[in-house]
Amino acid sequence: MHAQASYLLTVVTFLPLFSVAALLVLRSDDHVWIRRIAFAASVGEFAVSLLLLRGFDSTDASYQFQEFYNWIGPSIHYHMGIDGISLFLVLLTTFLTPLAILCSWKSIQHNVKGFFISLLVIETAMIGVFVSLDLFLFFVFWEITLVPMYFLIGIWGHERRIYAAVKFILYTMFGSILMLVAILWLYHLTGTFDLPVIENILANSAPLSPTVELVLFGAFFLAFAIKVPLFPLHTWLPDAHTDAPTAGSVILAGVMLKLGTYGMLRFCLPLFPAAAHKLAPMIGVLAIIGIVYGALVATVQHDLKRLVAYTSVSHLGFVVLGIFAFNAVAMQGAIYQMLNHGVSTGALFIVVGMLYDRRHTHEISEFGGLATPMPVLMALFIFIALSSLALPPLNGFIGEFLILIGTFATHHAWASWAASGAVLSAIYLLWAYQRVALGEVTVEKNRALPDASGRERFILGTLAVVILFMGIASPYFTRPMEPAADALLQQMNNQLQRPQNAMRRGVPVKIGPHAVVLPAALAERQARP
Amino acid sequence: MTAVTISLPEQIANLRRIAPEIVLCIFGMIVMIVDPFVKPASRRALGWLAFAGTLVALASVHVAAAEMGFAYSRLISTDNFSIFVHVIVIVAAGLAILGSIDYLDREGIQRGEYYALVLFATAGMGILAGANELITAFIGLEMSSISSYILCGFRRKAKESNEAAMKYFLLGSFATAFFLYGIAMIYGSTGTTFIDAAKAELERQLAANGHFPALAILGLGLIFVGLGFKVVAAPFQVYAPDVYEGAPSPVTALLASAPKAATFALMIRIFYVSFHSAGDIWFWVIWISAVLTMFIGNLGALVQTNVKRMLAYSSIAHAGYILVAFAASTELGIAAVLFYLAAYVLMKVGAFLVVTHVGQEGEKRLNLQDYAGLGMKQPALAACFSLFLLALLGLPATGGFLGKFFAFQGALDSARAHGGWVVALVIIAAVNSVIGAYYYVRVIVAMYFWPQSSDYTPTRVAPALVVALFIAAIGTLYLGIVPGRVHSLAESAAHSLPLQSAGSNGPSNAIVIAPPQNAR
Amino acid sequence: MVAVIVFFACALLAVTGAILLILSREPIHSALSLILVMVSLAILYLLLGAEFISAIQIIVYAGAVMVLFVFVIMLLNAGVEERTDFSKFAKFVGLPLGFFLLFEVARWLYTSRAGSVITHGAGTVTQGFSTRTLSAELFQQYLFNFEATSILILIAILGALVLARKNP
Amino acid sequence: MFMLDHIWIILLLPILGAAINGLFGKRFPKAAVNSVAVGSVALTFIAVCELVREFWSLPAGAIPWIRSYYTWMAAGEMTEHPFRIDFALQVDQLTVIMLLTVSLVGLLIHIYSTGYMEHEGGYYRFFAYMNLFMFFMLTLVTGANLAVLFVGWEGVGLCSYLLIGFWFRKKSAADAGKKAFITTRLGDLAFMVGILLAFWTFGSLTYSNMFAQASRMQPDTMAHAGVLTAIAVLLFVGAIGKSAQLPLYVWLPDAMEGPTPVSALIHAATMVTAGVYMVARMNPVFSRAPIAMYLVAVVGCITALFAATIALTQNDIKKVLAYSTISQLGYMFLGCGVGAYAAGIFHLMTHAFFKGLLFLTAGSVIHALGGEQDMTKMGGLRKKIPVTYWTMLIATLAIAGIPGFAGFFSKDEILGAAKSGPHASLWLWAVGVFAAGLTSFYMFRLIFLTFCGKPRFDEHHTHVHESPRKMTIPLMILAFLSIFGGWVAAPKLVGGIDYFDRFLQPVFTAYAPTQVVSEASGAPGVSAGVQLLLAIVGIPVILAVIGLLVAWWFYIKNPNAPKKLARQLHGAYVLLWNKYFVDEIYLVLFIRPLLWISRNVLWKVVDAGAIDGVVNGTATAARESGGIARELQSGNTRSYAAWVVVGAVGFTMLLLAFLGLAVR
Amino acid sequence: MIVPVSYYLVLSGVLFGLGVVAFIFKRNVITIFMSIELMLNAVNLAFVAFARAHRQLDGLVFVFFVIVVAAAEAAVGLAIVIMMAQNRESLNVERVDQLKF
């Protein structure tokens, strides 16, 4: 446990918010400097977040860079910390945001200031979700992510943006409000909002009754499943993606969907292991349905962006599958796949956005033969598509392979069904690519379209390099995840094997930098024979 | 009966304990006295004078706070609880006054009486908050109500204002009569109208007879009619949308916020103190009312196109959320109610003040369509409004969220007493807040996503309104981000109430642990 | 015995007045019926030994307040009440429940503990009910309320001032 | 030992070439592109030669020579079942053969391509893809574990996709590329599951570990036999896709849309043989799974016949060769399936030479005719492009199995093993032999139609010319190899040693199941001369010659006979001409229903209808109830009063009722 | 003969109930207002009766306050009625329903 005081997580979390303050000072028609400052801020944020990597002890399963202060009353704390699971998700966020800003450089022309402010606010909120170790703090960030995204979709989105934005916010809010009730119920049961302490209490001194555990798990899981989105709760996603601006889609697909899977890892499994175990078969099946279903529906889309959106349903199905396979390999694969999906699908959305910038449509039939006027962009497109369809040695393969190999250990059939996703992804991506890029130029307008500009090459090139790097150097990422993932599974196993009535004594539970003494009533209850 | 002589120091202490009311009334009278000597053109200065009155009253709360205790032969109780509510009420009044200054100019009804009435009403609410005796409470209630009736009709020439005044007056008096009858019944069954004394008597009777006197319970029911009417709990909410819509917007801002806070304070004193031991019984009333209130408020708001009326429905819904916390019947529940009220007052007043401004002359522009594109034309105003709406929606980092949070927390906390029903209540509330999200979000949709309406030329936001909105917005954020201080104040306020009867358990800080599965 | 007769007579008058209030279509008739109720109540107050209250019931209520009513009725020339029935809800739910409430309240009051106390007829006024003790109570125990009512009156004056003035 | 320690250099060279050409080639002059592309492959070839030289001096105990460079995948390393994949390369006899074949044929085809593609747009792109292909193919054959093999496996598929669709403006080309990728991916699905199963069976994906584990297993027990068979079958399904066997062969004929050098390199010589390589590589597993082996043999055998029959009627010169490739790949699987892995690999190598040559010469023909591929519009080219003619004839003789040529030796070994090998089966042999006859027929049909008779093209418009040197020299080298490439096995015919077989034996015997006798030479007790005679005039050879003669009769002697025969056997002809309607059946049976269900059921009904219907329905329901809620607000004060009374009565009654409960 | 307090209470209840009924039944604003006065009178009767029962003065003091409040209410209420009469033709509350839904 790192006892030294560190403010790095606070800095990383709130730095974008400070840049927002800088943006607010600018005149709102000074687009150039707004863009520059936003970009500089996000790059700076990325640089700062890399410090996390430097200080991270990848052999340690516990939370690092912890910060712990009292916030509201005795039970709500400002408790932050990261472990191997959240480390890279934070980095993913800080990495994708500058690219999202850069890819909106030209395409956002009205209300520029608001746009970049929204992006930066959303960055803070998402990082906050990944680093929070207090359920209250977590929920605050969790909900705040919705608003800027809602504005991103609603103001800068496309045709049906209002419907999409409202659907997005209501859908996700419905899940999260029940999670709030569950969080409060947990508080009611344990007297604290502090995640590690709750884990400890539930594991050692006050196990939940099976029914309560199932219900609480359900409430948490519903919120996360909507966010992921897991079949059949996914229908907000295609709408939101289709009508979001490019940067919105990038952030949405790249990071926001991961909030759901991250939540499952961070909350559902450690807090409610028995319920997770009980429901895992059902969830696994839903994940597989999602994989196949998302892929099949993606295949028949005629809107390119909607197609990519459905691929997310499919790909995130893999992640959920990996999580609920309860296997170290699969779990690491799932975490890794979150990163991969963030990079690859983010990149796909950027490509789609670049096409939209040129033609202001997402209809595949409006394209065709684009490889002729814009070979570079299309080459990058196919590269990214290949990463998305899990071609070795690109990143997507590693994630899916790890998930499959891990899942296969316990569920042969699941892994086999899920593997079919790989075939289907080849179908929809290559078919889409063919209809967009190959063949003769079918629409006369497309003949004169400019190829990727320097800025666009930089964005996609960076992503391509990362895709390749993640494909050939995966242990660099997976090894720091290992201790946390193992610890999580270990913890689950311990709890599942422990008979319900075996209560441990030992009243003060030492977790985190501070010894947290159990609430008096609890202690008293324990002392009773 | 011997004549009781009261010593001078005791007299002074009494005065200090009701300092805020005194200040408010004095300022009210000053306004009235000054009024004839001010030229009509510069009557707006009276508004600032009245605002100064609220500021001084706010300062004088400290005077009262320094002199806790019962005043005037126990009629008034100056405790943390009353102080807390006083602050809420006075802040709401101050904000409403700020919002009124330019509004009255705009509508051509700039008169000193208006401010005087606001101040008197506030004084009445202050009495409500501190009343330890039911007739005192009744008088306080009437002070605030009668002022409100008049304020509702202040736009004399506007038919909707007349109608609001009439409906509010008739129904308000009707409900007050129930309230009064309830008082009579409690008096009849206990022989006292003092809240704490009634508690003792009721508990004595409970101990002696094994049950509560039916008459007292009947009285409680009738009191709930009267007070439920004021806090717009269903099914007494019926008047609220009409009145809130018809009343002048700043008055609506005041009406929808401050009296609710003061009345809830009184309700807490009656329900929690006098009828503490009957908590199991009145829980059901609150439960049913809360559910009805939330559903009616949210579903009704869902179909509104008039923003002012929508906000009126939303305040019904919020009364429902507060009732959820109320149902907790624990100290935590009281703290939650108080905190919710604090947050609610700020965001609701803020929201109605924005409506005041956008309404323009004659309050013609109240429809959703009139907000189209406001986000582009008046970004700061729209941002403020969005903040209030999101706070009403319950978005984290705003006071609204923490209000809801503490409310749910308080309610769940009492799960031991009320079992699954309270959990169900919280879940219903949660579902309702999602329904609610839709219509708040819709206003934001209109402001930011709809094309700008062409016929609307924005008017400059007056400085007074800017100050008011700024205060409300900062307050909303403050309560959302660092609510700790206010919440602990609310907790100590709750703690200052004489809830516990001798021998009962301490406040359930509720650590209930699921019983071990096979405990021997 | 006299007390009983007086009580029943007054009660009958009061109820009759109330019913007349409901049934008469002319507002002025209603007002007069209400005055009837108030007067009979004043007599009952006497019977209960509350002379002072009885007096102000006549002076303030029946005298001042009701005169105000009658005055307004005359001023506005309020004619025959229009018996519209737009609210089916009020008719079919409100009224029955109103009567139900009547019986319910009356029943619980009747069975209440306080109700079992037996009063004596007129002239058996206890010492405590004198006007002197009453005023002592009013100005000592309930001084605050008394002061507060002054503000209330002020508010009422303001209200009349604001609302009832002529349209400019 | 430099190369043995740095095997990665072999992989680095082509990828460097690909990277340089791919990123900067657009700005390079053609010469620079050429030198980068050909240079890198040439250097690779040299490196391979050096590697082989060093390999020769390795002691037997050091083989397989494995070098692990870094950890590529790692997860669960601290658990009981760690998963770790190193990027490891391996050199053994099989690898050496494959490396030599791939790099040599690859080099020749690269050289050829500089001529063939000279006038094409996207020149740099073509060579970048080709180099990339070399990289993946070399990765495939050098990988020391199934995961690295899978990288190459998928990578070559990708390059195949890119190269087939090289002329991406042509819809058919783009379609064919996509079809190739997706069809092979279908096989890869099984392949992937096979890998998963293999990992959880053997605890590793590294060949040596897997085989060691496999050899410890008891194929007699149901469980072990079952899992081994499952792994083998699943892996083989992957091979079916990649090597274009029944029923996943459909992509290969379409792949002919790519430039001809691509067809030569990828769809004849190297990539499509990856499946055969894999089966041979995994021989310890396959050998322990007799059912799988039998499946391999049967699929190979039937494919050999099936494809050959289709090839009979095709007119497109490349299509004929494509079906021929499918058919020959079937032979290779037949070889592997009957346990004669060495024979399969031998045929793989010789096939690389003569089929590569066939495609290159076909390319030369097409080049000469300015892009014409239809054989019915050729004829009489013998004199005009003699080098092409002679080299193609040599290749044809080789494929037909005419004694003395490379194909004779390899095919003979396969058929020999099918007749008398460890898993011999007479009908397999019979079918194989019959297919050999058909092969001879359609190949000579191709030769006769193309080069003999009168020209059927417009001689005025088409200026027929011999290809440039850089194209013909590779042809000649390959022709040389098509003749002499098989002679390493020649001594066997006279009772001597099959050097090829002996060289490869360590790979196939190291982990071989003990009960299987792997030596499968000719019948004992017969003198060498008789053996030789038997071999040379054996039934396959006789059938080959018959095939030749029939072709001669049909296309030289009696040019009208084919049409007459087609009319007489109309049904059969239509069936063959339309390739048994397999593509159409797939379309109707799988593709259309899948798309229809996806669009009309999953998307429109489930997604938009059911799920969104529920969501929107909830919203509507809420709004409807909102309408009801607002109806309460009738605006009528009397109603409002009534509501107050309702509340008053309701709540007081409720309170009293609960009080009553409390009292009771 | 003696009169129990419960008699007065019953009368009070009946009057209050009639006041409620009157409020709902009447349409004229002024008479509705009168029914409120009727209800307040009923309350007063109850107060006095209870005071009698408890032998306390407080109940009577309450009556005093109630009368004051009623007077104040009357002033304001009648002012509102006058204002309405100035703006509208009818005093029928059922015709005052511009604000609804």
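For this structure, a couple of remarks:
Going in written order, the chains are labelled A, B, C, D and E, and every chain counts its residues from 1.
As a convention for this text, a contact is a pair of C-beta atoms (placed from the backbone, for glycine too) under 8 Å apart; a residue touches a chain by one contact, two chains touch by 3 or more.
The structure displayed is predicted, hence computed values, not measured ones.
Shared contact partners of subunit A and subunit E, listed by label: B, D.
Chain A has the Cα centre that lies closest to the mean of all protein Cα atoms in view.
Looking at C-D and A-B side by side, the one with more C-beta contacts is A-B.
Work out the mean CA point of subunit D and of subunit E, and you get 97 Å between them. Taking each chain's centre as the mean of its C-alpha atoms, subunit B lies 77 Å from subunit D. Averaged C-alpha coordinates give centres for subunit A and subunit C that are 70 Å from one another. Between the Cα centres of subunit A and subunit D there is a gap of 38 Å.
Touching two or more other chains at once are residues 619, 630, 633-639, 641-643, 645-646, 648, 652, 656 of subunit D. Multi-chain contact residues, meaning those touching two or more other chains, occur in subunit B at positions 1, 135, 139, 142, 146, 149-150, 153, 156-157, 165-167, 170, 174, 181, 185, 188, 191, 214, 218, 241-242, 438. Along subunit E, residues 9, 16, 19-20, 23-24, 27, 32-33, 46, 49-50, 53-54, 56-58, 61, 65, 69, 72-73, 76, 79-81, 83, 86, 93-94, 96-100 each make contact with two or more other chains. Pairs of chains that satisfy the touch definition comprise A-B, A-D, B-C, B-D, B-E, C-D, C-E, D-E. The part of subunit D that touches subunit C in the complex is made up of residues 634, 636, 638-639, 641-643, 645-646, 648-649, 652-653, 656. Taken together, the subunit C residues at the contact with subunit E in this complex read 1-4, 7, 11, 14-15, 18-19, 21-22, 27, 30-31, 34, 37-38, 41, 44-45, 47-50, 52-53, 56-57, 60-61, 64-65, 68-69, 72-73, 75-76, 78, 81-84, 86-87, 90, 94-95, 98-99, 101-103, 105-107, 109-112, 114-121, 126, 128-129, 133-134, 137-138, 141-142, 145-146, 149, 152-153, 155-157, 159-160, 162-164, 166-167. Within the complex formed with subunit B, the subunit C residues making contact are 104-105, 108-109, 111-114, 128, 133, 136-137, 140-145, 148-149, 151-152, 154-156, 158-159, 161-163, 167.
Considering their complex, residues 71-79, 81, 83, 87, 147, 150-151, 154-155, 158, 161, 165, 168-171, 174-175, 177-178, 181-182, 185-186, 188-189, 192-193, 195-197, 199-200, 594-595, 597-599, 602-603, 606-608, 610-612, 615, 619 of subunit D touch subunit A. Residues of subunit A touching subunit B in their complex: 28, 70-73, 76, 111, 114, 136, 139-144, 146-147, 150-151, 154-155, 161-162, 165-166, 169-170, 173-174, 177-178, 180-181, 184-185, 187-191, 205-209, 212, 500-501, 503, 519, 521-522, 525.
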